[in-house]
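Multiple structures are listed underneath, in structure tokens.
Note that chain A is present in both complexes that follow, paired respectively with chain B and with chain C.
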Partner chain A sequence: MDNQKYPIPDLSYLRELTEGDEESMKEIISIFLEEAPKLMIMMKESAEANDHEKLKFATHKLITQLTYVGVNSIVPEVKLINSGSVNMKDLDERIDRIIIVIENSITYLKGLI
Partner chain B sequence: MDINNHDYTILIVDDVDANVLLLRLLISKAGYKTMTALNGRDALETVKKHKPDLILLDIMMPVMDGHEVARKLKETPEYSDIPIIFLSALNSTEDVVQGFRFGAADYISKPFNKDELLTRINHQISLIEAQRIIQRQTEELRKTIIGRDKLYSVIAHDLRGPIASIRMVMEVLISEIKPENIGEDMYELLTMANRLTDDSFSLLDNLLKWTKSQTGRLNTVFQDDVDIMNLINGVVEVQKGVASLKKVKINVVGSTNRSARIDIDMAKTSLRNLISNAIKFSYENSNVDVVIEEAEDRIYIAVRDYGTGISKDNQEKLFQPDIHFTSYGTDNEEGSGLGLLICNEFVRRNGGRLKFTSTEGEGSTFVFDIPTAHYLGS
Partner chain C sequence: MEKILIIDDDKLVRKVFKMTLMKEGYDVLEAEDGSSGLQLIRSERPDLTITDYQMPGMNGIEVLEEIRKRKMSMPVIILTAFGDVVLTIKAIQLGAYDFLEKPVSPELLKSTVRNALESVERSKKLVGVIKAGVSSDSILENNILVGKTPRMKEIFKSIGMISMNKVNVLIQGETGTGKEMIARMIHYSGITRSEPLVVVNCSALTETLLESELFGHVKGAFTDSIRDKKGKFELAGEGTIFLDEISEISLNTQVKLLRVIQELEFEKVGGETPIPMRARIITATNKNLEKHIEEGRFREDLYYRLKVFTIDMPPLRERKEDINDLVIHFLYKLNKRYNRNITKIGDGVIEMLQQHNWPGNVRELENTILQAMIVSKNDVLEKENIVLINRFQGDIYKQEEYSFLTTLAELEKNYIKRVLESVNWNKLEASRILDISRPTLNAKIEKYKLIQ
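So, the complex of A and B:
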């Protein structure tokens, strides 16, 4: 995967919240690394099953966590799915794009801890 | 207001570990104690066990969502006063409004701004502290008032009996003993003692009644067909004795044959106080008039004196329970400041109003009315 295609996670918000505490930052990143794959699977499966309530729940949880670890570029897209997935004809494509960015970010973040 | 953050516990409720971790970190650094719960059901259990001071509550959670948690807490009187700040990524106007409908004290959108979060928490804590200060002060004030009223009541009640007995003895003495038998000086002392005893009895009687009325222990006991003229004559007759010591003449002007439904004791106390005041502020050898006037549905009873009158400044202080206003009579008689307050209260309880007019140096007229509508023609 070409890392240069996707923006590097911006950790400035997390650094501000933790006041630069490295241990706390690593802990939040670890939680993201543990939770994000589960939420991606939940997104994918609920979209395929047309379970929009479950999809709403998954995207809702993802929004905050993406913001913590600075994967900001896809947050507007996730919010759109969260608020209006029912009428999206290209829902699967959108989710695939989001998953690629998250996977790329996970690779980057793993290198930090 | 000095707030010690260590005294306050904040419950963080969120199913995302990262949120819980960050919130706990920030709130602990601000000095507050924290507790956490990962879903709504656990949050309710924690509230029951530990009763936190403030709750930060996520909305979208498994098992039980934040709105349901808030609803259950607001339904339980024991926990309904715990402020809730909703903390949610659901941040449309509709979501925020719904949060407040469920009883939120505030609403913070996720991802949150650190300073905003702490400012809003501090604000809620300062409101809690202010509320607790008010509750403590209210409780202290309540206890002080109860203690004061009990003290007044005990003093007034326990002293009233013996003073009433002394008063009776004094009245017998003053009516039986002639000045020439004991000498002018001794007779004057006896007269003074008689007046002081009478004043003391009136004071204790007023004190007892005022305390009872203010503590809700004085019921208004209405009696049917109270003969108003009989009531007035009875009070005037007793007061004539007091007035004679000051060579003041009490004149009853007018008459009525109407009856009313009133509390006799309150009516007598009101009239007694007004006549007593009129005598107190009258000069020697003057008159006090008790004037009875009939109107369509009520009777007006006025007590008029031609004494010192009341200055404009002092007139504004009358009838105000929070201002202790009393002044000396023409013979340096002391007062408690309770008489007019009692009159006002008792007249009002009997469906009337107490009014007055006064001109300094010319005298005062206090007038109250008694409703007699149901007894017209009786």
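So, the complex of A and C:
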């Protein structure tokens, strides 16, 4: 996987939220690292099971999480899935792309704490 | 120290909110779902609750309903990932203090919480106006208003407030901004929803006819009035009468309308028996009524009676961020109505639409989308099918190619043919799309020798 292809998280919003407090930033990143994988699994599984309600729920939660830690590049795509306007045949491909970006962001963020 | 309860299953959101609010000196409680939140409300009596909308188990609206059922007047702020018209209206109707979209900036969170706490006393006094009877989503969905811009959100909140009582409302805005839609939303989202909604276009009728339309007439009032006729005020009953283009009514009719509002009763034309008026009056205008008052064309006393609450509809050019959502909404609605299946939006379409000035506002956008859908040959709304008319320069420009340029008559002939084919030669439907009468359509079919 080519990490250079994906933008690293932009932590400026998190810095603003925490007013630059390093400990608080680390705490928030830790929660993201704990929660995001669960949401990724939920998103993937609900898409495979055609469970639209669950998919909506998982993407709803992901939007906020991704915004807090600055994984902004894929937020529009997650919003699109959340709004239910993605063609089913493109859904898997889009979700895979989102997961790759989140996984790369997780690797990057782990290095910060 | 004021106590604030945060209900959200998202640990990260709870952490961020707690951190922000504790820095402001608040005592912060947390709950990860609606039912444990309600337990904390019972035991800890917080001064304010912030709850997410989408949670497993109870959602935020249900939490709010439970709080209100228990006659607790604390401010409740509801969070969601997206602005949603129906939810926003429902939340405000149920007495939510505010409805915020995630992620909420620290500044917005702090100011909203501060304002909410300052309004606690005021909020307690307002409990009495919160009534049951929140609108059915299906009716609201059929009269949906689309918009995520701050001005539209404020309008949705206003609808939430005024739909629960019968104040007179004046809706102002340019042609095509959706004034009638707002009137329908007010009517169908609140206490009048099961009552009639009667729409009157005041500019379409002469003074005598308008009075007869509004108040009805008795047998013999006119030469051809062979029986009693009920007027629109009577037909509106306990519901709503919507008077569109109110600026167009004569000064004589204005006097009569003023009397109806003041006395809450009226007589049929030619009649003497007073009939009670119980409907809410919503009026709309695309004119500057204050200027009409200065010019002596509109009564000032009537103006103030009509504008107990005013809604100003922004023109589309001032809310171009909403164009994407509007296009999706129109595709959905028009696909259903015209049995089409345009489900995709081509590259650059939204950007192109956002560059247009939209003098005809949302109605012009809807017509533009419909026109493009009709001529579309696949399931994509394409740039080359979109014709934008620049009224100020009087030219019609297409985005890409000009090679098709031809005479106006040829263009009209081909377009009418295309519309007829699209609706399987259903002339009623075709004349509706073309916005011409059936006889005019027949004349054009004959003129251009169009054959099915």
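In the analysis below, the second predicted complex is superposed on the first by the 109 of 113 C-alpha atoms of A that agree within 3 Å, B and C clash if a C-alpha of one lies under 4 Å from a C-alpha of the other, contacts with A are read in each partner's own complex, and residues count from 1 in each chain.
What we mean here is this: contacts are C-beta pairs under 8 Å (C-beta built on N, C-alpha and C of every residue); 3 or more make two chains touch, one makes a residue touch a chain.
Keep in mind it's a predicted model, so treat the numbers as computed, not measured.
Q: Once chain A of both complexes is superposed, is A:Ser85 in touch with chain B (first), chain C (second), both, or neither?
A: Only chain C is touched by A:Ser85; chain B is not.
Q: Looking at A:Ile28 after the superposition, I want to know if it touches chain B, chain C, both of them or none. Which is it: first, second, both, neither?
A: In the superposition, A:Ile28 contacts both chain B and chain C.
Q: For A:Ile113, select first, second, both or neither according to whether it touches chain B, chain C, the two together, or no partner.
A: neither
Q: Could you give the residue numbers on chain A that contact chain B in one complex and chain C in the other?
A: Common to the two interfaces on chain A: residues 13, 16-19, 24, 27-28, 31-32, 35, 57, 60-61, 63-65, 67-68, 83.
Q: So in the complex, the part of chain A that touches chain B is made up of which residues?
A: 13, 16-19, 21, 24, 27-28, 31-32, 35, 57, 60-61, 63-65, 67-68, 83
Q: Where on chain B is chain A touching in the complex?
A: Going through chain B, the ones touching chain A are 15-19, 21-22, 25-26, 29, 60, 89-90, 92, 110-111, 114.
Q: Over in the complex, which chain C residues touch chain A? Could you list them?
A: 9-13, 15-16, 19-20, 23, 54, 56, 81-82, 102-103, 105-106, 328, 343-344
Q: Show which residues of chain A lie in contact with chain C when the two form their complex.
A: So the residues of chain A in touch with chain C come to 13, 16-19, 24, 27-28, 31-32, 34-35, 56-57, 60-61, 63-65, 67-68, 79, 82-83, 85, 87.
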